[in-house]
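Both complexes shown next keep chain A, but they swap its partner, so chain B is in the first and chain C is in the second.
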Partner chain A sequence: MRRGVLWIGIIYAISLSALAALLWVLGSILVNGLPVVLKYGAELFLNDIPPPLFFFGEPQVGLAPAIVGTLMVTGIAFLIAFPLGFVSGVVIAEFGHTRWGRFLEDLASTLVEVPTITAGVAVYWTLVVPMKGFSALAGGLALSLVMIPYVALYTAESYRKVPKVIKEGGLALGLKYTTVLFKVIRGLVLPGVVSGALMAVAKGAGEAAPLLFTAGWSDRLSLDPFSPTATLSVLIYKFGFSSQDLWLELSWAASFILVFMIILPLIVISRLLVKRHVV
Partner chain B sequence: MKIRFFPPPRALARRFMIKERPLKALIVLGLAGLLSALALLLVPLLYNSADFLLSRGAELLSSMDWSPYRGRFGGLQFVLGTLWVTFWATLFATPLAVSLAVFAAELAPVKLKGFFGGLVDLIAAVPSVVYGYWGLMIFGPLLAQNLYPHLQSLAALPVIGTLFATSAVSPQCFLTAILVLSLMVTPYASAIIRNSYEMIPRDLVEAVYALGGTRWDVIKMNLGYIKSSIIAGVVIAAGRAMGETMAVTMLIGNSVAPFEPCLLCRGATITSLVANEFEEAMMNPLHVKALTALIVILIVMGSVLLALGRKVGRSLAGVETVA
Partner chain C sequence: MSSEAMVKIRDLNVRIKGKDVLKGINLDIPKNSIFAIMGPSGSGKSTLLRAINKLWDLYPDVEVKGKIFVDGVDVDSMEPHQLRRLVGMVFQRPNPFPHLSVFDNVALGLKIHKMAKDKKELRKNVEWALKKAYLWEEVKDDLKRKAHTLSGGQQQRLCIARAIALKPKVLLMDEPTSALDVVSTKKIEENIVSLKNDFTIIIVTHNPQQAARISDYVAFIYQGEVVEVGPTAEIFTRPKHPLTEKYVVGKV
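Here is the complex of A and B:
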């Protein structure tokens, strides 16, 4: 036997078992979540979340408040995070050779590592305590803190990929640097920036820790950003510990909707955008 | 007529770049974006925990008696629990991450390389809370039925016995959290290792083959070559494991009892304690401040870890350039 075949076999075995574990997780969401989604169908997307015990007739089963809550909180977070993160990302890419640019890059890659629950506790003190209550706005702010460094790093990556020659061409024509950055190479960086933004949204949509004590909880559908709202991720956590079969089923359904209907499509779209960009 | 030459580059820069107002504004805005995020994270935490840390910080870090309703805030077991979970999760994640990186960069069929890379990234895309729910419903019960009773019987062994000493086997314990966590943090390390693995000069690889080396020799040489990136990746994974919240909270068992170096016991980490108790703590000002103080301690621990990792990585990188 040739040297090292055993070791290569071990590498194969470990890698494939890690991928098998991933497929196991995704598969069990599919197997347990999809039937629930199919059973309740459109009801799930329209009705309020059922209360714990039902004394009066048939329960109305739904996840609408959590689905709308996730979309709303993530949307608010994106509106805050994108402008800030985008500008920081451009500076990181264009002025990476200067002191401030390097500082920003270090800062962004450190902020990415900060535990996400930190954002929840910090925003609890800045918004929830003064406003005397949970709100979708507080949840959005907490989530935006998680998303900003991601947006910055993805934006920087896409700006770095633009060949220097194109920028220099624009500058040589006497255009302003900002015109070059935001108009001339817009078409080149746009797919990368959008794809990075989608990845940041996908990261944010699955977060529960920053939302536990900022967005709070609500059984009812509400579109008011100043009132508390449920989200899919918090629902999975809350209902996951319950002893009621219906709530456990709803947790599976929420996992399915979150992973297969929100996060995976975002990732696939983001990948396709970048692929087209490369070709 | 006097002929004027082009001004030297620096004068050019002074003329065109710095006068350009929007550009300056851009840099200021970029700084403001990230700095405001940093400030929004740190200032409220420090401001609201400073008095607690100053008055009772010693108790928080020395005692293991946590009973908020009696005013006792000894949080050492959560700090130790965090370190315990981080240590084991990193230990398990390291071979996983190195194997996945080597597999995706070297061993996978060329056409499938991108696909496997994507699958590894997908591990990081699944939300933490979903891993937690999967562990709670499927993985944990499976382990508790098939694996943990066997491990428990090892408790009689002299030294490693304490790891498995527990009175009752439970699906929610340190080991369940650690195993799920090690899968979750693997892609972060793997991405870094794979990135530098793919940047190894082709000449080196060809030299090994030319000397009659096997594929395994090449892999060994390559892994030695990128030692500093492996350390960097492992530190990043450890940092993620330290701050991971939802999956740990759902799987660790949430016991505030004093810490024991045991894998099958229920326990808690700083993050799991905060996620679990924060909502009820809002009624008790001291309790909520104690939790905020623990979060500050967590941030300090994470920063120390990252700084150490950078130092080790840099010293190894120095050795590599010398060698």
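Here is the complex of A and C:
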């Protein structure tokens, strides 16, 4: 009996320390980032990023190019990753017994584990070098490689969760297999699929490594997908070790925006969707 | 019997994962009758049923050989989804689309197959099917109710409604009451008997009393082979095969 209590105590202590680590990361972003966001307010979302050295007067302070860049790069990545990941996920779930289905599943499970910087390197040599320049498009493509397996595995999971008898019920009504998969059970798989898509976006939005060699950098706001762009994650990497106080501040502000205004909301919505998955 | 057969099965063999589950099945199922397939668990009854509407097509490790004719047409000359329009099915466990309403469960097939020209006709057909399935009175006040909130027996009657709404020629029923209580079973049995004027019903049951209560013809299947087939009264009162006799008194 005593031993049992001891073990439970140890398990609680270990899990508490894991929780503490998470709270420490989130807490330091909150404590350091929120004051900067409050200090500059709307300016952060409207102004360009200040240049490295400013000789005259007060610099304009802003993160707009990085915020827009993150949205654009992640958006491009999503547009590529969602259709490919979704179709792969359906194939994995419904044709998992075939060689092709098994191959896709192994591929997706492997890609999830591959260091994301390799996606950047691959896109650098196949797109950035031939096109002679960094671009939001190249960044999006690199991020899509990171996101595809997430979408695929979440999609596969939600299709697998639908009992076979439900699918057979649809087929027994003389419906085509594709009609059953994409129409009849749509309402059952949708929360899982959307949840996976949101998780993939959350994962992609936070990645810096694939963007270092692909999206490039720009202090100024650009909406051209063929031009280089800053992103929040790369800005954090670039400014996080700066000796300039202003850049350090911006790095914390970028962390706060990325984590508390983009990634965490996505994760929370994703979790809520999965919970709503009644049947 | 064969001249009026709605379903003809000729020399049907089914192998699952290399094991012979059905061996040389020949059956003629008369039009507008209730034809029971009875036998102990594992004898191949459900396997036979699922061969009729080609549900085995989805399973790569199942091999089906032989000929099946529905209303005189070789099922191999049809696409599986076309065949399943003619041959509806009710499963062992109620499997309505849980996320859809009662109305939509029945309306879905009608809509996709474009069987109603407008909303009014759709409603009429849904009501017809729900009445035929003896469910209308219990659900008519709330057709928007989600299917998964119904009781097991109601869900099964919803599945019957969903299948008959498409007016198939044949209705396959795979032990439709095995997951239900006595009261629900009784309702569904009455329902099945009332449906035979419109449909040819093939029902699988492991319960000989159920076969005796509701069917016109019975085939007794044992270890993948048809032991005996004939009118229900004859099979239960004067079985020719000693194994059938043992089975109907509950000794197999």
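Assume the second predicted complex is superposed on the first by the 272 of 279 C-alpha atoms of A that agree within 3 Å, B and C clash if a C-alpha of one lies under 4 Å from a C-alpha of the other, contacts with A are read in each partner's own complex, and residues count from 1 in each chain.
The rule is simple: a residue touches a chain if its C-beta (ideal position, glycine included) is under 8 Å from a C-beta of that chain, and two chains touch if they have at least 3 such contacts.
Since we're looking at a predicted model, the values are computed, not measured.
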item	value
Touching partner for A:A215 - first (chain B), second (chain C), both, neither	neither
Which superposed partner A:V165 touches (first chain B, second chain C, both, neither)	second
Contacts of A:L143 with chain B and chain C, given as first, second, both or neither	neither
Partner chain in contact with A:S233 - chain B first, chain C second, else both or neither	first
Which partner reaches more residues of chain A (counting touched residues only), chain B or chain C	B
Contacts of A:L63 with chain B and chain C, given as first, second, both or neither	neither
First, second, both or neither for A:V36, with chain B first and chain C second	neither
Which of chain B and chain C A:V5 touches, first, second, both or neither	first
Contacts of A:K176 with chain B and chain C, given as first, second, both or neither	both
Shared contact residues on chain A - chain B and chain C	176
Residue numbers on chain A that touch chain C, as the complex places them	97-98, 163, 165-166, 168-176, 179, 183-185, 187-188, 278-279
Of all residues in chain A, those that touch chain B in their complex	2-5, 7-8, 10-12, 14-15, 18-19, 21-22, 25-26, 28-29, 32, 83-85, 87-92, 95, 100, 104, 107-108, 110-111, 113-119, 121-126, 141, 145, 148-149, 152, 176-178, 181, 202-203, 205-209, 212-213, 233-234, 236-237, 240-241, 248, 251-252, 255, 258-259, 263-264, 267, 271
Chain A partner contacts - residues on chain B that touch it in the complex	17, 20, 22-23, 26-27, 29-38, 40-42, 44-45, 47-48, 95-96, 99-100, 102-104, 107, 116, 118-120, 122-123, 125-134, 136-138, 183, 186, 214-217, 219-220, 236, 239-240, 242-246, 249-250, 271, 274-275, 278-279, 282, 291-292, 295, 298-299, 302, 306
Chain A-facing residues of chain C, complex	53, 55, 58, 60, 80-86, 88-89, 91, 93, 95-100, 108-109, 112-113, 148, 159, 162-163, 166
